[in-house]
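Chain nomenclature is as follows: A, B, C and D, assigned in order of appearance, with residue numbering initiated at 1 for each chain independently.
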């Protein structure tokens, strides 16, 4: 038995999605990487959250996706997670949900504009939408190709995966990530709330405009980077 | 005493509707069929969920609707359920709710388009709306005729009751079904969520388009049919 | 000590509004009448639901509104309740809330059209809106005049207080009633849900049409009146 | 150890925001002033509500903002609170949230019109929006300048901080206040609900009009000021 701590954290992240009301039934999945060990742990496919235990998490090689530990089949979205870990060293955990409002923006095929400081405190600009997968990409290695279009969207660094830790896959839903499982879940929670408020703000005023660059800079940078002054100094 | 297991499952399905927030007061009803025994069990009419017990379920003959077991009056929607069981062998359980979003689409007289993979994972295309009942059908055997228009809608197999296990009756609300009570409830839960997200997606973008056929095929068929690869192999 | 049962029922109705999520803070009030004793009991004004006990209900004469029992000041809306009891013998209980969706229709100054069978099962047609109070009526005996415009709206029997047991006061909110406290609360719950679904149905389809008269007749009359066949025969 | 009661009340106000569903994660903050002692107490920055205790509240001088008691860093919004206390003697407590509907109006850059008596019972007219901060104000002492634009908005007494105890900062969110922590939280709860109902009323009827001045006067003044007749005479 190994990877106890990783599996525990990944299990907690999966349970955190349920507690936050971001998943229904067996939907959604969270994973976490141990870069030193070269592995990721992920939720098994289609298992009830209620009966799921840390030991049910499936551990796979980050290099080739081979199962290293666990008896259950990993989430069918595993190739998407793997693709992101392989492309971006900064990603330590990934969560995928069909949370109501973020998924509605994905179904609308629209990026979520940064309408307020709630958004700017956590994401440095709009939540982007990937391009549609081609018919060949859908018919082929679909889940891997879903990872591919996400990687493609972030490949030029505008935005970077650090500055905007979430994306929408059109007609599908959101993926969010972070340095740790706890932070990835938090980003998924904030994403859902900013998706909801952006929709409502446009309901109040169809011509509502995104935040100015100056205000976006102020809010994102007071919580992130060298000049941050939010929270306790001893905080993670 | 017989049909204990059937009554227990049907009772659980009815209670599952309450837990999922799909019913208010005494609204809604779930039934289940035992094809070998030639019977169905259904919720009694207008009884509080709180006080309802498995033994309160009413058992009727699938052939003629005669009560076989039980002292309470069956749900007033029983003739609708009976009609569906008689017409479609594949249906093992039926649930009827007035869940908020699905009912709103029914009141709008609009089919629920397949806007995303959440929908495609469970329903192979739009949730159809039946035609309006005629004045004669309303004034006559109304509940039986409600079953009749549903049967009519699915009679040419486009869609089939297996590929799209739900329907909207205009001005009324949704019926959902499945091979088992647990699966019928699950379909009602998913129906409500896709109804909600389809409404919200159109609020974000009035010109939002349904999923491509290729993506619909991919998602529905990876969970259903011979090539399915979602969930655990030992899963039902 | 008298009126124990009436005060208990009225207290339960008030607590039922909280449980159903229809009131915030100290908002809302429920009352009940004992026609034989010639009294009504009502919630005290501005008291926390949490600490409220049956004995806190204030009992007043239905004839002149004089307090018969109780040490607290009755709800400031008491004159509105009194006016309704005095005008309509069929009313045995009244509840007033600022429930979100029904109040939004009241603020919009629009009657709630009967968009579906959920509505028709409980209300025999649209939920009407009273006329605006005049400036003199607002500046004068405001709460009594609020009762007056409601009475005026139902005075020609279209609708009657029995067939449509709820009304909206424009810019204010809903009042609902029934033969008993339990039934008045139930009507307030259904009113809120049909207000919500009518709004959503119009969001899906701005041209959505109300139910046909035939379907309205069918649904209302199968639950009310001589030919009712919904629920258990022994049911109240 | 001092200021025990103040810290206890401020802690309760912060927990009250969580209970009312107005804050997510570590968002939001509540403070309270002790005018006689010349201090304010406020929530520490970025601390989990779950683990927060009354003694974690940070006490600062109302004169210069110097920390008087407490080991944690105060909320990053402290300079905004301080600015309001310094400018308006009538303010005894301030709460800041990113509650969903009020924040959506702030993101839309629109004042919340007084659409009904729920609003008029608590706020004597529309909830105003401050002007945008200038680029220099954002880049400079941002939190202090946020206080400055709020003070500016209320400086001519139309409205006064007593008659409309809440404001929206555009692209950011609401601040609410009151004579005591309990009352400030209550105002934040009512603000969120009136923001929600104003949005929904306009969804029902885009041409819905605000309350008349006469009705606004009636409702606000029956609960506030010399002629108030709502609640119990012994009530605070």
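Throughout what follows, a residue touches a chain if its C-beta (ideal position, glycine included) is under 8 Å from a C-beta of that chain, and two chains touch if they have at least 3 such contacts.
This one's a predicted model, so the numbers in the text were calculated from it and none came from an experiment.
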Report task. Go through the assembly and pull out the chains touching subunit B as well as subunit C. Result -> none
Query raised in the report: Going by the contact rule set out at the top, which chains touch both subunit C and subunit D?
Result: none
Query raised in the report: Taking all residue numbers at the subunit A to subunit B contact, is the shared part over half or under half, that is, same or different?
Result: different
Query - Turn needed to bring subunit A onto subunit D - CA fit, degrees, nearest 5 - result: 90
**Report entry** Where subunit A and subunit B are represented by their mean Cα positions, the distance between them in whole Å
**Finding:** 33
Query raised in the report: So how far apart, in whole Å, are subunit A and subunit C when each is placed at the average of its C-alpha atoms?
Result: 47
Report summary line: Two or more other chains are touched by the subunit D residues 202-203
Query raised in the report: Between which chains does touch occur?
Result: A-B, A-D, B-C, C-D
Report summary line: Residue set of subunit D touching subunit A in the complex reads 24-27, 44-47, 72-73, 76, 98, 100-101, 103-110, 132-133, 135, 138-139, 142, 171-173, 199, 202-203
**Report entry** In the complex with subunit B, residue positions of subunit C that touch it
**Finding:** 115-118, 186, 189-190, 193, 196-198, 200-205, 208-209, 211-212, 214-215, 218, 222, 229-233, 235
